[in-house]
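Read through the structures below before going on.
Look for chain A in each of the two complexes below; its partner is chain B in the first and chain C in the second.
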Partner chain A sequence: MKTFLKWAFLVALAAFFIVPLLAMARFAFQSVPVILLTPETALQGWSIDPIIAAAQEPQMWAASRTSVLLAAFTILLTLLLLIPLAIVTEIKAPHLRPLLTALTLLPWVVPPIALVVGVAVTFRTGAPWFLASVFSLVPFYALWAMPFTYRALDAGLQAINARTLYEAARSMGAPFATIVMRVILPNMTASIVAAAALTTALVLGEFAFASLLLKETLPTFMVNFQQSQARAGLALALVVLLLTAVAISVVVRALRRRGLSVQTTGL
Partner chain B sequence: MKRIHPDTRIGLLVALPFVAFISLFLLYPTVAIVFSAFTPGGDYSVAGLGRALSGSYRQGFINSTALAGTTAVIGGIIGLTLAAVMRTLQRPRWLHSTLDSWSAVASQLGGVPLAFAFIAAIGTQGLLTKLFNQVGININDFGVSPTGFWGLVVVYLYFQIPLMFLVSLPALNGLRPTWREAAALMGASGARYWLRVGIPILTPAALGGMLLLFVNSFAAYATAYVLNPGGALVPLQIRFLLQGNVISGEEDLGYAIVTWVITLLLASLFLLTFLQRRTLRWTRS
Partner chain C sequence: MASVDMQNIRKAFGPSVALEDFSIDIRSGELVCLLGPSGCGKTTALRILAGFERADSGDVSVDRKDITKVAVEKRNFSMVFQDYSLFPNMTARGNINFALKSRKVHAGERASIIDRMLAVTSLEDQADKFPHQMSGGQKQRVALARAIATSPRVLLLDEPLSALDAKVRESLREEIRRLQREIGVTTVFVTHDQHEALAIADRVGVMSNGRLEQIATPRELYETPVNSFVATFIGSINKVPAIGTSDGKWECWGSVLTGSRSSTPGESVVVGVRPEDIRVKREVNGPASLTDVSFLGPITRVSIRLDRGETVVVDLMSAECGDLRPEQAVRLSLRPEVHRVVVF
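This part shows the complex of A and B:
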């Protein structure tokens, strides 16, 4: 009975997650209007033309390229800022960890829709050249990636007992830089990958900030494209969603196989 | 010259770029908004802040709070239950990694594709709308349409449940099996164990998770914008004021609304940090 309830719950939840995607797939890839949909017509009119139409859109490739580059730069910037900070805090000043945990949560106080207003009064009037390039989004995306990136890195440092490792290496005479590069960093792969995966999902999904600063990224392109080509737009959105999910799941599984547990937790 | 301790030097070396970064890209724009909100038209006044909580803007705050609160509580309970159920299941190992990755994607990537999916499912021409019509139920009558309140709740749950699942995993892992065994040895049933031990220990973490869900959905923009750009929700009203900022005076209203949003979210996250301290007391190994 208990097992039955558990599985009933899981199946109901799976249906909640899958049915909207199926409805989306049907609308995108089947040309039969929903009014005419009966068991007899359920298998008619399926074709992959909509996604081919989306793939033939040069702007789609340009927007995808922009979003992928944005994700890469954002990951790089967040990690460059936070890895040294997380390691030094853990080793030299562990009493400052709660402060850093609270500080890195601050970006969530000012979500994209709020910060974009601040950017309009500061950078747009004071330094408009800064917002000219689409890559001016990178520092802001790095901000919103900070809360979960710091937590992933900190969890990784706790899990490997970084302070003990540091003291052990130190007692054998290794200098600080060597310890960080050869002992601590190689042990943090799992948390770095987890943070990178979440950052990728964040950047590929962020719409408010890019849209209000009139930058063309994959999400803003998708909204415009869907308005002109409804079915191809839906097909594209579905493919992007599933490809990202599959990519992240492949990475998580590869790490698991190497015995690294991945905590994709936000907090 | 006084020599700087090497630890201090390395501390400064890693802290300065971080502080400079936060100051320039987060604090500077934020302070500018709050300052502008208190000085509409150049003079100190709180009139703008009052106007931001009246009329249709008050309704926006009420709607957004109701939506964020409802989805935080429902999503929180379902997400926590999901995490608890998954913890008891060892066997299909693929299910764990699939759910982990799916949750990471669904909790972040949501936005635009999610709105499209629900238009296809519960829109006027949606597949589910049609299916329920066949058995004589009009789901729009229950407010379940992509623009109705319960429709938005359903759509938001799609990213709230995975987020809660991710957030509550560590807290659940903090419940040690030995506690359960100890309770069983003393004759407590499963239900009694949860009532007396499990739930009291999980409560701070669960409330913290729900607060995070609240913050997450209060500020959510993409989904709401695609479903109904003219809806009476705070993020959509901010967009409206920001894009219509040619009319003088209206931008001050925008700053005032954003100031209220920041205040609300700051208070929520303060409470969240406090609750996390309580959680840590039990999950520390």
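This part shows the complex of A and C:
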């Protein structure tokens, strides 16, 4: 009975994730209407034409390029801000960790519309050029990704027992900068990659900020594209989803082969 | 080699006092173990000596030079941690090299020192392995090699064997002792394992509630504990009744003994007697009776119920036990070589 329940739970869980993806794939790549779907017609009418149609849209490539650049700059900004913060907190002020853990959740408490309006009001008069650039999305994305990225970095520091490594290196006479550069950072590779992967996934799927600031990114393009070409739009969404998942799993496997475990949460 | 002196150290973490009036004087080249139950302050004392914690009051000096406010990296100490603390991104050789480089050892000398350290810790075949490719014992040997490679003035070991299994722990314990004797480095070893402390140390400092209760050689500590805490913490001890005599001594089972404090005539107390200090004589109407006999190889441990209901444990040489059996009536006395007892 226990085994049956365990398997039933696992199957239900798998179905929860897989069924919507299968439905999405069927709608995007199969031209047989649902009403005519039978075991005989299940393998008929499959075609990659929708994704080819999406690939022929020049705007799709421009939006993809924008999203990739946004992901890269967001990762850069996030890591530049959070790596020093996480390291200094862990090593010098560990008692502040619970506070920081709570603070990094705050971006999710404020809805995107409130954030955007607040920032727009602040910058419209002083620095209107900031909102004109597509890269004005970078700080929003960095902020929005913070609950995940901070936890990934913090979990990485906990996993390597950074404070003891720091103390060991310090007792040998190593200066702070050397310890960070040669001991702490190299051992944080896995968590840095995890934080970057989470940021990438978030940027490639984020719609609210881009839409509110009237920027064309891959998600806003996909939403508009789906309104005119539903099947091609969904095909594109599915391919982006799968490519992101494959890219992340390739990175995680590569790290595991090097003996590094990837942790994405410190909770 | 350096002598270490910690005087009147006090350290509190909020309302909790970790060390109170803690003083210890460690001679040059000596291996001192700080021993005590969890939370007694031994690791705090070690961390203050290392410089990781700053004492609220008191002084730390090395070779009579005050280092209380000297930064960790400038003390030229080395520390070995319980969880090895090897740098996971470096091989065994890389870990030792990092320590030498940090101490600004000339590049030309580093390779030969590393080879020597790997040789003395029997790690030549592990030189190019990363920590995750090594066993716990090998990792701790690398940590030890890394610590002694820089010829530190003082070597600090914070429960270095706690994470290892019993057999590895024993062999590494002997290796630490051998290395410490060879290089003659002043060493402070923190442990909660009394067997480890007694086996390895020149002197053992027993701690309780942030205070150093007694510091002495293992033998002195066992044979002449200064108080009941030390007596009960080190080895096994029986609590048996004794009466004060007119000359300030104590009478126990017919023997007159010096106590850890003087008596007043007729004063009734409980004193501590080691299991091996008691003699058992079979006597038909003896005032005590055997309740249990456990054969432990060279010794046999017997439990004996006294006439007032208390139970004492006695260790006898197995060869001398003969046919002792439960329920036999016996009479107890102290061995003639016992002259001093701890008064509880």
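As a working rule, the second predicted complex is superposed on the first by the 259 of 267 C-alpha atoms of A that agree within 3 Å, B and C clash if a C-alpha of one lies under 4 Å from a C-alpha of the other, contacts with A are read in each partner's own complex, and residues count from 1 in each chain.
We adopt the following convention: contacts are C-beta pairs under 8 Å (C-beta built on N, C-alpha and C of every residue); 3 or more make two chains touch, one makes a residue touch a chain.
Just so it is clear, the model here is predicted, and its values are computed rather than measured.
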Touched partner set for A:L99, first chain B, second chain C, both or neither: neither
Contacts of A:I160 with chain B and chain C, given as first, second, both or neither: second
Partner chain(s) touched by A:A254 [first = chain B, second = chain C, both, neither]: neither
Which of chain B and chain C A:G233 touches, first, second, both or neither: first
Partner chain in contact with A:A169 - chain B first, chain C second, else both or neither: second
Chain A residues touched - chain C or chain B, whichever exceeds: B
Which of chain B and chain C A:I48 touches, first, second, both or neither: neither
First, second, both or neither for A:M181, with chain B first and chain C second: neither
Partner chain(s) touched by A:V11 [first = chain B, second = chain C, both, neither]: neither
Chain B versus chain C as contact partner of A:A197, first or second or both or neither: first
Chain C residues within the chain A interface of the complex: 50, 52, 72-74, 76-79, 81, 83, 85, 87-89, 98-99, 102-104, 130, 132, 146, 150, 156
Of all residues in chain B, those that touch chain A in their complex: 7, 10-11, 13-15, 17-18, 21-22, 24-26, 28-30, 32-33, 36, 78, 81-82, 85, 88-89, 97-98, 100-114, 116-118, 120-121, 125-128, 130, 157-158, 161, 163, 166-167, 169-170, 208-209, 212, 215, 219, 221-222, 225-226, 235, 238-239, 242-243, 245, 254-255, 258, 261-262, 265-266, 269, 272-273, 276-277
In the complex with chain C, residue positions of chain A that touch it: 160-161, 164-165, 167-175, 178, 182-183, 186-187, 259
Contact set on chain A toward chain B in their complex: 6, 9-10, 13, 16-17, 19-24, 26-28, 33-35, 37, 81-82, 84-85, 88, 92-93, 98, 101-103, 105-123, 139-140, 142-143, 176, 197-198, 201-202, 204-208, 211-212, 219, 222-223, 226, 233-234, 237-238, 240-241, 244-245, 248-249, 252-253, 256, 262-267
